[in-house]
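So, here's a batch of structures to check.
In the two assemblies presented below, subunit A is common to both, partnered first by subunit B and then by subunit C.
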Partner chain A sequence: MAEMNMRRRSALLGAIILILLAAVYAAGALMPDAAFAPDFSSSRLAPSLDHLFGTDWLGRDLLARTVKGLSVSITVGVVASLVSAVIAALVGVASAMGSRRVDAAVAWLIDLVMGVPHTILVVLISFACGRGMTGLIIGISATHWTSLARVIRAEVMQLREREFVAVSRSLGKSGPWILVNHMLPHIVPQFVVGLVLMFPHAILHEAAVSFLGFGLPPEQPAIGIILSESMSYISSGMWWPAVFPGAALVCIVLLFDRLGDSLKTLLDPYSAHE
Partner chain B sequence: MRLECRDLSFRYSDKQPFILEHFSMSVSEGERVGLMAPSGSGKSTLAKLLAGILRPASGEVLLDGRPIQSGGVRPVQLIFQHPELAINPRWRMRRVLEEAGEPEPELLAGLGIEGQWLGRYPRELSGGELQRFCIARALLSNARFIIADEMTTMFDVITQAQIWAAMLDAAQKRSLGLIVVSHNRRLIDRLCTSVIELKK
Partner chain C sequence: MKRIVTVLITAVLLVVCASCSSEDGGTPERDTSQVIIAISSEPETLDPCKGWGHGFTPLVQSTLVEYRQDMSIANDLATDYTLSDDRLTWTFRIRDDAYFTDGEQLTAADVAFTFNTAKDEQTTLDLSYLESAVAVDEFTVEFRLTRAHSTFINTVASVGIVPEHAYSEDYGTNPIGSAAYKFVQWNPGEQIILEANPDYYGDVPAIERVVLVFMDADAALAAVRAGQVDVALTSATLADQEIEGYRLVAVTSMDNRGLTLPVNKDEGETTPDGYPIGNDVTGCIEIRKALAYGIDRERVAADALNGYGDPSYSENDGMPWHNPETEIATDVEYAKSLLAEAGWADTDGDGIVEKDGLKAEFTCLYPSGDTVRQAVAMAAAEQARELGISIVVDGTSWDDIDRRMFSSAVLMGWGSTDPYTTYCLYHSSYALRDDYYNPENYRSSITDDYLESALAAATQEEANEYWKLAQWDGENGPSMCGDCPWVWLVNVQHLYYVADGLDIGEQMLHPHGADWPLIQNLREWSWTES
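Right, the complex of A and B next:
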């Protein structure tokens, strides 16, 4: 690692993180329901070699539930972030390229969405859309696009004034042609990094809203649900249902965050010259 | 063909003072006009107005007595002072040229552009090399008038001489109208057939 330059190190780290996240997702997605089925003969067991994360009050293996829950979190995070980032790109570009009225309307909408705390807005939208995974994804997607939309709007506005865009216009190229060929490739790094850095937010909001009881249904193994249930038992000394799933969630969030940083380095054109 | 501007005035916003007021000039094909003025007197603004990049507050830019049509390849092309800003940094040089038209080997050879440069990114070339591409791009667009806005100011004298020799040769062959914007009197005296002085 010591002889590697920053670009290679970032690529390697990014690849390891991606493999790790894919492995967690696959493990959860392929896991049979029997792996975390209730077993009343082994309820409330502390962590041991048989049950690394212990068991809950119904005797369900917490490691299996955590992995399954993380897989659900990754699904929600990835889908919600993708939808959110696409909304951000469309809104940001429309705002920068459209008329002053469009720009003012978008600025007003962004202020409106940012003005309400995310968690409350996600709860309201998720509740209005019938809760469950779909409601949660719609809620998170509809609230997380604002910051990235602002970044993309600013980037496109800056690009619009660049000399190479003026040259392209004088060479007879149309607005849409310039947007696709000159501008969009420039906003790809911001888009990708914004998208990846949105994952941890989306995952945390999914967990928070499920924790509050407005997100995923209680029978679904989700980190938010596990943490919410663990609160009833933590005062009786059962610490493991709160600590292990909580720590696993933090690890996944940090992994996504690190992945975003690695991508930022990789997509920076000047790092290619190292 | 004749490029002229009549009674041109410009300011960046209604609250700011005029940079240009009631300015008129004209250039014919094959003519080389020098536009001279100290820094900050509106030379680059005038160049952008003539090239159709900026719109005047009043007055008009005419080609053979008619307003230049918007849309399509403009017959007046501007070459900027900083070539690295006038080229998309994410494009290879071949694509930069192809934006204007199919690169002509004789034209590239005349400008001293080596074949291997076409596969490179802008950051892999020097300022002088990039400016040659900007000239080639303007020529490939079949422009009738070229405005060179402080085109060689940032280069050493040898590069300046090389670039101007290539530019004058191309302008002569194609009978282009050339507007040389500079604050360097000696350069303009050397290159141009007539001189217009802008006052601050």
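Right, the complex of A and C next:
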């Protein structure tokens, strides 16, 4: 490990995190509903070897619910981030390549979306779209693209002035040809890093909105729902439904954050010089 | 991102600290001249003409009649009352020694004014059948009805009399009454203070001062631990803690929870608002009855309410108009045989029965955030699965329930001291309305006739007989023995932490809602030790 340079360390760390996240997702996705079905005979059990995270008021195993919830969070995070990143790419490119009027309109739209706190906007959009998984994904997708769109717009504007683009243009290449062959390959690193760094935000917003009761339905195992339910029992000394799922959410968010950092290092051309 | 993570970690640590700091704060010395009661629901008004006190005693105002311990009717302000032969005129004689707390005498004019004002206000109190209230002389008041209405006496029991001379727009926030307690102060969002009325015509209460503080169940529990309140409502989820200086009091109620089951099949019909009507599974009577007989109510109470519940068989268990013949015994084998005889069988081995390709599965809605209804629904669903019926429990908003309650089961709750609720739940005229009474679309001309006869009855005894027949006459009725549009499950016990030494009297059977029914006998409360 000591001989590894930063690039290799990042690659290894990124791979481990990716495997870990994939394992959590697969465990949740493949888990049968029976694993977290109510079992009133084992209600409110503190953490033990049988139930590592304890059980809730309805006797549901909190470890199973947490893993299932994390898998749901990862799904929402990945899908919403992907949609959001695609929106950001389209808007960013259109803003940079389009007319001045389009650029001004996009700048105004970005300011508008950024001007309203994300959580409130996600709640409103999710509610208007019928709540549930679809509403939540639309809500998060529609609010998280702004920063990445600005980055991509700046990158495309910079590229537009570069020599090889000017040469292509003077050789008579069309706008779409330049976009596909010169612009897109150059914005991929920003796009990928922006996408991965969007995951933790999306997951936290999913949990926050579900916690507030505007996201996923209460029967769906989701971290926000578990934390929201735990508030009813916390004053009776039942700490485990709040602590373990909360800590698991923090871990997943941190893992995604680290994954984004690793990817940034890998895609940074300067790291290749090490 | 680091900031968010820091905030999350801090929140988790705070939660741990909060749950660990559940040690008793010690009980300070008590002032036995007063009682402090934690209440979770702050009233919007203390004006009986605008709905205050409906369903329980209005505290600061007296009523003409009141409920006895056995839920029969006794005189309070009234000295006697009669009903005319055509059953359209009620005449009440009232006592001549009742005074409002501003010193003015309470007369028949005040009574007539109260009811005429309440009728005009058209709030939660349905007085549409009242033609007018007239003061015949100083102490006699006459109520003329447009149609016979035997439950008028139950309405009279929950309408506090307001002073005509001191009634204004702000009466609801600064009321004057003639009851055992007089209003002193209301700090919105914080507390209401009452004091014993020394000029009360009955026995002056032992507790001189009552402070009602508004706080939710968690805050109330913390206040109990710190010894800051004498009585606090709690829930089954929080009730298993022993707190020094307090005892847990469980009051039996008719605050029921049960399933409404649409009785028609889905034939593509909709309500005038466009909401679908009917459900192919609950539209089969054998499914509804299998659930009614196959679900063990004691087990639901034990599982979902930690034992703090009693089996429920109707909307009026324990009331004088309850029909005991509706109390069915759990019989899982009978329930299964009902399904088998109707052709339901598990052909694909998934544990759920089918018939003609239709799986015995339906959705049960409950308002999300209501942990009691969620637990009851899940406990019932677990037992239903053992019968081969799948109930998909779905927590959602009331707005969504409004749209889907005509085609899905709903975990509803009722429980009223007024038998008119029975009328609303089962009369055809209430079917498919948006008031939650009869979303199942139950209609029966036989039941309607009994309900009309109950309303037209000359005496409470006669009315009660018809109310009972309306539920089940041996062959017909909406009870679980009959058409079964409801599967009643449990009556939730109302739980309170009560300070040692505080006697809260003999509690009457509590209706739906747990806060205010507790204090309707406040004048009987006393400290037996400090």
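Everything that follows uses one rule, which is that the second predicted complex is superposed on the first by the 273 of 274 C-alpha atoms of A that agree within 3 Å, B and C clash if a C-alpha of one lies under 4 Å from a C-alpha of the other, contacts with A are read in each partner's own complex, and residues count from 1 in each chain.
To be clear about the criterion, contacts are C-beta pairs under 8 Å (C-beta built on N, C-alpha and C of every residue); 3 or more make two chains touch, one makes a residue touch a chain.
Given the structure is predicted, the values throughout are model-derived calculations rather than measurements.
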Exercise for the section: Based on the superposed arrangement around subunit A, label subunit B with subunit C as either clash or fit. Expected result: fit
Practice task
For A:Gly115, decide between first (touching subunit B), second (touching subunit C), both and neither.
Solution key: neither
Problem - Partner chain in contact with A:Ser170 - subunit B first, subunit C second, else both or neither - result: first
Practice task
Check whether subunit B or subunit C contacts more residues of subunit A in the superposed model.
Solution key: C
Practice task
Considering only the touch criterion stated at the top, classify A:Val250 as touching first (subunit B), second (subunit C), both, or neither.
Solution key: second
Exercise for the section: Could you look at A:Pro200 and tell me whether it touches subunit B, subunit C, both or neither (first, second, both, neither)? Expected result: second
Practice task
Kindly classify A:Ser235 by the partners it touches after superposition: subunit B alone (first), subunit C alone (second), both, or neither?
Solution key: second
Completion exercise
Once aligned on A, the angle formed at the Cα centre of subunit A by those of subunit B and subunit C, in degrees rounded to the nearest 10, is 150
Exercise for the section: Scan A:Pro185 for contacts with subunit B and subunit C and give back first, second, both or neither. Expected result: first
Exercise for the section: Check whether A:Pro32 is in contact with subunit B, with subunit C, with both or with neither, and answer first, second, both or neither. Expected result: neither
Problem - subunit B versus subunit C - smallest C-alpha distance in the overlay, whole Å - result: 31
Completion exercise
subunit A partner, complex, touching residues on subunit B are 51-53, 71-74, 76-78, 80, 82, 85-90, 99-100, 123, 137, 141
Fill in the blank from the handout: Residue positions on subunit A within touch of subunit B in the complex are 162-164, 166-173, 182, 185-186, 269, 273
Problem - Partner subunit A, residues of subunit C touching it in the complex - result: 1, 4-5, 8-9, 11-12, 15-16, 18-20, 22, 218, 221-222, 237-238, 240-241, 302-304, 368-369, 371, 374-375, 378-379, 382, 393-396
Fill in the blank from the handout: In their shared complex, subunit C is touched by residues of subunit A numbered 38, 40, 43, 57-58, 197, 200-201, 204, 213, 217-219, 229, 231-239, 242-243, 246-247, 249-250, 253-254, 257
